[in-house]
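This is the structure, below, for whatever I ask next.
Chain nomenclature is as follows: A, B, C, D, E and F, assigned in order of appearance, with residue numbering initiated at 1 for each chain independently.
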Amino acid sequence: MRVVTFGELLMRFSTPENLRFSQAKSYDVYIGGAEANIAIYLSQLQNDVRYITVVPDNELGKTALNELHQWKVNTDMVKSQGQKMGLYFLEKGASARGGNIIYDREGSSFSQIDEFTFDWDQILEGADWFHWTGITPALSKGAASACKSAIDAAKKRNIPISCDLNYRSKLWKYGVDPKEIMPQLIENCSVVIANEHDVVNYLGISPQNKDYKEVKGFGMRCYEFVSKAMAGQFPNIQYVISTLRETINASQNRWSGILFNGTDFIQGDVHEIDSIVDRVGGGDSFMAAFIHGKLHFNEDKKVLDFALEASAKKLSIQGDYYILDND
Amino acid sequence: MRVVTFGELLMRFSTPENLRFSQAKSYDVYIGGAEANIAIYLSQLQNDVRYITVVPDNELGKTALNELHQWKVNTDMVKSQGQKMGLYFLEKGASARGGNIIYDREGSSFSQIDEFTFDWDQILEGADWFHWTGITPALSKGAASACKSAIDAAKKRNIPISCDLNYRSKLWKYGVDPKEIMPQLIENCSVVIANEHDVVNYLGISPQNKDYKEVKGFGMRCYEFVSKAMAGQFPNIQYVISTLRETINASQNRWSGILFNGTDFIQGDVHEIDSIVDRVGGGDSFMAAFIHGKLHFNEDKKVLDFALEASAKKLSIQGDYYILDND
Amino acid sequence: MRVVTFGELLMRFSTPENLRFSQAKSYDVYIGGAEANIAIYLSQLQNDVRYITVVPDNELGKTALNELHQWKVNTDMVKSQGQKMGLYFLEKGASARGGNIIYDREGSSFSQIDEFTFDWDQILEGADWFHWTGITPALSKGAASACKSAIDAAKKRNIPISCDLNYRSKLWKYGVDPKEIMPQLIENCSVVIANEHDVVNYLGISPQNKDYKEVKGFGMRCYEFVSKAMAGQFPNIQYVISTLRETINASQNRWSGILFNGTDFIQGDVHEIDSIVDRVGGGDSFMAAFIHGKLHFNEDKKVLDFALEASAKKLSIQGDYYILDND
Amino acid sequence: MRVVTFGELLMRFSTPENLRFSQAKSYDVYIGGAEANIAIYLSQLQNDVRYITVVPDNELGKTALNELHQWKVNTDMVKSQGQKMGLYFLEKGASARGGNIIYDREGSSFSQIDEFTFDWDQILEGADWFHWTGITPALSKGAASACKSAIDAAKKRNIPISCDLNYRSKLWKYGVDPKEIMPQLIENCSVVIANEHDVVNYLGISPQNKDYKEVKGFGMRCYEFVSKAMAGQFPNIQYVISTLRETINASQNRWSGILFNGTDFIQGDVHEIDSIVDRVGGGDSFMAAFIHGKLHFNEDKKVLDFALEASAKKLSIQGDYYILDND
Amino acid sequence: MRVVTFGELLMRFSTPENLRFSQAKSYDVYIGGAEANIAIYLSQLQNDVRYITVVPDNELGKTALNELHQWKVNTDMVKSQGQKMGLYFLEKGASARGGNIIYDREGSSFSQIDEFTFDWDQILEGADWFHWTGITPALSKGAASACKSAIDAAKKRNIPISCDLNYRSKLWKYGVDPKEIMPQLIENCSVVIANEHDVVNYLGISPQNKDYKEVKGFGMRCYEFVSKAMAGQFPNIQYVISTLRETINASQNRWSGILFNGTDFIQGDVHEIDSIVDRVGGGDSFMAAFIHGKLHFNEDKKVLDFALEASAKKLSIQGDYYILDND
Amino acid sequence: MRVVTFGELLMRFSTPENLRFSQAKSYDVYIGGAEANIAIYLSQLQNDVRYITVVPDNELGKTALNELHQWKVNTDMVKSQGQKMGLYFLEKGASARGGNIIYDREGSSFSQIDEFTFDWDQILEGADWFHWTGITPALSKGAASACKSAIDAAKKRNIPISCDLNYRSKLWKYGVDPKEIMPQLIENCSVVIANEHDVVNYLGISPQNKDYKEVKGFGMRCYEFVSKAMAGQFPNIQYVISTLRETINASQNRWSGILFNGTDFIQGDVHEIDSIVDRVGGGDSFMAAFIHGKLHFNEDKKVLDFALEASAKKLSIQGDYYILDND
């Protein structure tokens, strides 16, 4: 099946072996970004994946694209222009100490896109799925416009659209209120990953105390409120997914997820994860596996559990994306 | 005491720091092989150890032998001939992801031995113990013949013989049924480590449901069946040892073992092992310590617990063999 | 606030990635020493810290001082003389295997100090706190004399004095009984960290069975006996601190502490610490945070818990000292 | 332009930082093989490159293919079968010490191919060039047959064929005389890289003293004899290329080449190369650039000098293949 | 003597061991920037050095400042504000391949300074020298204004001012012509390093063919033209320095310099430099040593040769700045 | 042939990849010491080598001995006692920067030996050669006594004795004049490596201007004076060897040597050595090869050239001793 994902490609610098930034004399380099992570995993699952982004026209941009080629992701429609690679710096957590992330992506080549950067009709030709995330419209006005164009083109072709809503307070710095932008983008999606921050910031609705209830092993959660708010406002949405993560310490997490299919709430398997290798990309691995599941076997509980297992296994892999265990 | 061990020396390439094969730009090199691991540990315990193998006549062969010299294992009877080093590639497990092993030992210098390669009378001169494993006859017809010669020579001299039966389905590719080879080799052994796969594949006997019973912390086990099958068929066997390993995840194991001395079943201490550094060689460390125990203090429970402790501690050591903590 | 700490600066060589000494082809280099660790952390907490030591007059000495400069510790009064850097070699524990430490500090430049080496009046000018440890008088007769001079000068100026008594049987090799030296040094301290080994070896008093009682999660302890022995003998002491550490395995510890303020015993929070990165310096981080707490907010329970949290978090940091998490 | 190359993909393990095999505790991993090196460079030069090989059906095979994907080489027609990856071990030379290479490729998945393994008509569809080397028929009878099939299919389609004749005495172990195999393979080639060893071993003709003459900076050479022998015997050959390499020491080489176009001998630029980073693949970089030159600008002297420059620059790159300097 | 330097602090990421960007899985981290490099070397020479910059208010900024503290450079007047660290990526040259540098400093915290950012009267209190470079006004209009303020304040106090004019075509992107900015900044300098690019771009004067003459070992040079143009236009200038660098290959350079003191041209020693370790910062080491020479021994030829030797020796040091060889 | 060598075993810590001490966060560990280096090379040349030393009774001592075992050097007579390993710290030179060495061997386990530490009659049983160096008597009075005992025992058995006289001004700190010690030790030697410092410091004779003459490529040398002074004073000496080394820069040396056999001066081959990997141990490799040559083929010019080639090749090897190139 052909899947198109769209978003910023990032280069990550992380300190080796539990070192703090101030201690490291070298940083390990990884290539990632939510939508690229999803593209890479879907390609490993034998889907025909096209990834859309802009990288700077220099050796860093080329190096980043090489990583996608390695996994046979199609980058023919990627633009190489501008001079700035999106970067982030990561100090992984360890023991009683949490992780630390520093973004350096403002003014990146990608953030300078607009509605005319890509020819979405050509890009979406033959596509069976389109995926984007809430990170992209948070980067710049032009990036939000590019999302709109992409979603409109996908909608026109009746291509299923998924979105990890993923509100991040550190972004959205360009002077608009997410509530003015996001609803028209979410409107045409059929699958969303959402949590209460998304509802609050994108829809302006806040859960009340009564909206929370205990989920065993995960404390007080308001996934019903979130799911119904989303599904209520956007009739095109077929699935609202709530991921559940409980951090015991930097090396130990409990993960699960709940899916609302418009009728039922289906809880997935619970994974107790010890000795975490790298937390980054767990959610992206979930999303990729969910898309794959929907395209290939399409039974709610089975799809959800497949996605949760991918998500749990990702945490055993260094870097931003999951590497399939073929053997 | 003088101990002789015999088997293939292997060079291991393992990916560093939790990386998958596809991520690693360098592989760590270790020297191992079940019988070499045992030789090295026994030498550290101040035994006079002679190791018998064939290595290729090149720098890899020399490098591998250097490792044994480092631990003062005698390699004077080792042959350097042929061109191919036995290799294996290891991706250690981590968190929710299991390990992955790839062998590249077919056609190795060692696998081309036969009954005329070694002068066993000279080799076993003055020996107090001889050890081999079920891996060697699985490699080639000639290797099986060499085992036969060695065992016969040891038997003739009344040297105690131990064997880790260790059936591996990935080997035995040279066109004979293990059942035609192994019984005549096991026949003269006095100590064997055995499990149900060994009984099934070497003796052609399968445990039934009734043969399994719960071992606390280790689930359903059939060690009584295995032990009695072995001891019943081979009157020379004095000890049948069943090791118990329960994998909680890639970093956490529970280990123990049960010994059958022809009369009683003696259960050893249970070790809860966290934060495993390297799983390889845990069984070899057990075997080496068991041999040492038998040669030096010889009380069943004490020997078994000494072996289990060595086995548990090995898992804290990088590489294939145990390094004694002298201080 | 201005704090002065005094003691030997050490260079540490530790084997990388769980390797044993006999396996490592490179050793990681860290700079530490109890009093330097405390200086560095207090400087990060925005105190004005002066560190007093002697380093050899060579590149190793300069390299070690650079580390203190990096954290803005004042070293203007440090002497560079002699030729020998104090060293220690560390093999960290892992899984079922404990750590291993080898000191090479005998005859070091620092150990050759005496009461004339430093001008304590100049050093203590404007100081709000002075800290030393029981390691220094254990190194040489001259080092003990230097401690005496320092403490007398601090006392004269009414500067609060703290000491981690820290009896170590491997030191005290220069032919005096600690009981002849330590009481006159402890006498003028206002804060001490003490345990039963300190009481036995410095005061010659031994706890009896009845002096031990169960501390939940930490087994039988005699902190009341220790605290009262210290406070009873030395009226200047305002706080006797007992740290509690329970080693579950090399990666898992339980830490807490109890403070005696002359009136009450106050137990601090209990920290369950998993996936320990580096055990060294946990106690020094505690001491530094305690001093900071006393100087800045001074409420017993709050100071103790602040110190325990610093101590627990230190174990997540590579190297000998804590690096504050500013972000 | 579309180019097809065919040959064995190799995994290389080389010791880091001038270490001898016996010193290295890790080996750096590179992917190479003459024909893959050429494929990767031609792809970087924006040709549409298809690479044909067999890799084992395991993670090592997948890892090796990933490297080709990274550079956008098409591997759709590669077969994954068998269990053995072709390997080689490399100790680079340094100062007065030469390099050392150990092959471990006997019995590899690739060596087990035969004339039925590949569908050459499909593979060569639309191809503008086909490249193979003398290494492939040297591996096994089946590999020689596969070469024959490929060359015949290319000839049938009038696709230009190039070959680096590259006689290696360590290969050709399977019991045939190269003179029985090679002439019929060379016969249909239009471009060959040849030297006197190729003439002696493939054609059975030996140069006499009179056939050697001084080439300035390169000593006595017999390139005229070689070129005329080749061109004389095989009328389809349009170019015989003689590369010239003079080793001053392990870090310093002089490189050039001479081309015979049937009429003239054209000498290329001479490159003095200092501080060599990695000697492997210099000839492959030459061959790739030569093919590119013939396909794109086709003037003998210009093509030759372009190829020589690529060759010289390769020696500044770690690993087996050239990485184009785009900036 | 007290020296103040002012400019952007940069974090450098360079590929290890001759790797290309596309090959490296980790990048080595160094801290540098022309003016910081000078500050660090002058501090090692026992000057009292104050460094003025802006770093982002995050862990990268703190890490960068730590490097200056390590060398006892005073950073009390540094501002921590904004979010973006100035970065550059470096691929060192090797053998026949030149180096490659990618800047990522646009929009950095430093580039957002203006004439009100620093209190220059306070900063220059007691200063004996002030140093800036042509890189700073090239970054932004505000940065140029900050330079102007600094220079005016220094002039007012009669503090000698030096500048490495250092025109870079990749900078000056903010929409002004350097000729409108630089003359008024150069006007008050007493020492400048200048070359023909500076004259062309800052003064609008171009050398003619007749202005070039052969400098032995360095080809055709126009240093007389440059020096006289500078000294002619700006009467405050006492020294115009022309550095001479001849690149033989990436590992071998020839370096020298010529000083014009208003009367004479004095040529410095010529250094033949082999096996270069790191080319970055050679000029900064020259500048620092020149300033030190002027402040401490002040004889033209001696100062020049001292500076050239520092410059040559820097190329043997990893990283951006010189580390004095004390022993 | 059986060779005995005697001296201190050292652990070396050297900074990786051209780093200065102040930059390195890890130090590479090597095992060496002049006499151990000789033992290891002679063992590789298939001699039966016994090495005599004292190592501390801890893991560092064991680790150091393992290195000798690796090369099959017999250490059965080595003593493990005391607590201090002899150490040295090395910063290799690079480009225009020379190397830097810091010793930390004072008070080492070895330096505490005396004439009763070893049973020389047992040690020298069956020996064909005994080797010591001038470093040992320079360490302590006891070490000088131990040398005396060893030499006397060897003399008594008519075993040829060689010595690298190797005067080092940094040693001889224990309060005696070398002239009181060395003559009686040299007296019984048959082969010495000597230079003018040895003659001056051991014999109290200084060369005059007239004693120097030009040696082509090596400047002014006084080897005739040295040789005749040595041979004149000590009639047992059969060979005085003068090594010639000319340092062009840290990476480039010219090496040769001249032998005086009592009659003739024989000059060896001159080696131009580029791209030096590690300078340490070049002289030891020379000495070892000279001993081997004398024992096995014994023709002056041939022995000298064999030794010079080993010496030149050593400089291409990391670490303290030569590793034979077997392939």
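The definition used in the following text is that a residue touches a chain if its C-beta (ideal position, glycine included) is under 8 Å from a C-beta of that chain, and two chains touch if they have at least 3 such contacts.
This structure is a prediction, so every number in the text was calculated from the model and none was measured.
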{"item": "Separation of chain F from chain D in steps, with touching chains one step apart", "value": "1"}
{"item": "Of all other chains, the one whose Cα centre sits farthest from chain E", "value": "B"}
{"item": "Same or different residue numbers at the chain D/chain E copy interface, by half rule", "value": "different"}
{"item": "Identity of the chain that, by mean CA position, is farthest from chain D", "value": "C"}
{"item": "Centre distance in Å when chain B and chain F are each reduced to the mean of their C-alpha atoms", "value": "44"}
{"item": "For chain E paired with chain F, centre-to-centre distance based on mean C-alpha positions, whole Å", "value": "47"}
{"item": "Residue numbers of chain F (touch at least two other chains)", "value": "17, 20, 22, 25, 58-59, 62, 66, 100, 275, 327"}
{"item": "Residues of chain A that touch chain E when the two form their complex", "value": "13, 16, 20-22, 24-29, 58-60, 62-63, 66, 83-85, 87, 89, 91, 100, 102, 104, 106-107"}
{"item": "Touching residues on chain F, where the partner in the complex is chain E", "value": "17-20, 22-23, 93-98, 100, 249-252, 275"}
{"item": "Chain D contact footprint on chain A (complex, rising order)", "value": "58-59, 62, 66-67, 69-72, 326-327"}
{"item": "Residues of chain F that touch chain D when the two form their complex", "value": "17, 271, 273-277, 312-313, 315-319, 323, 325, 327"}
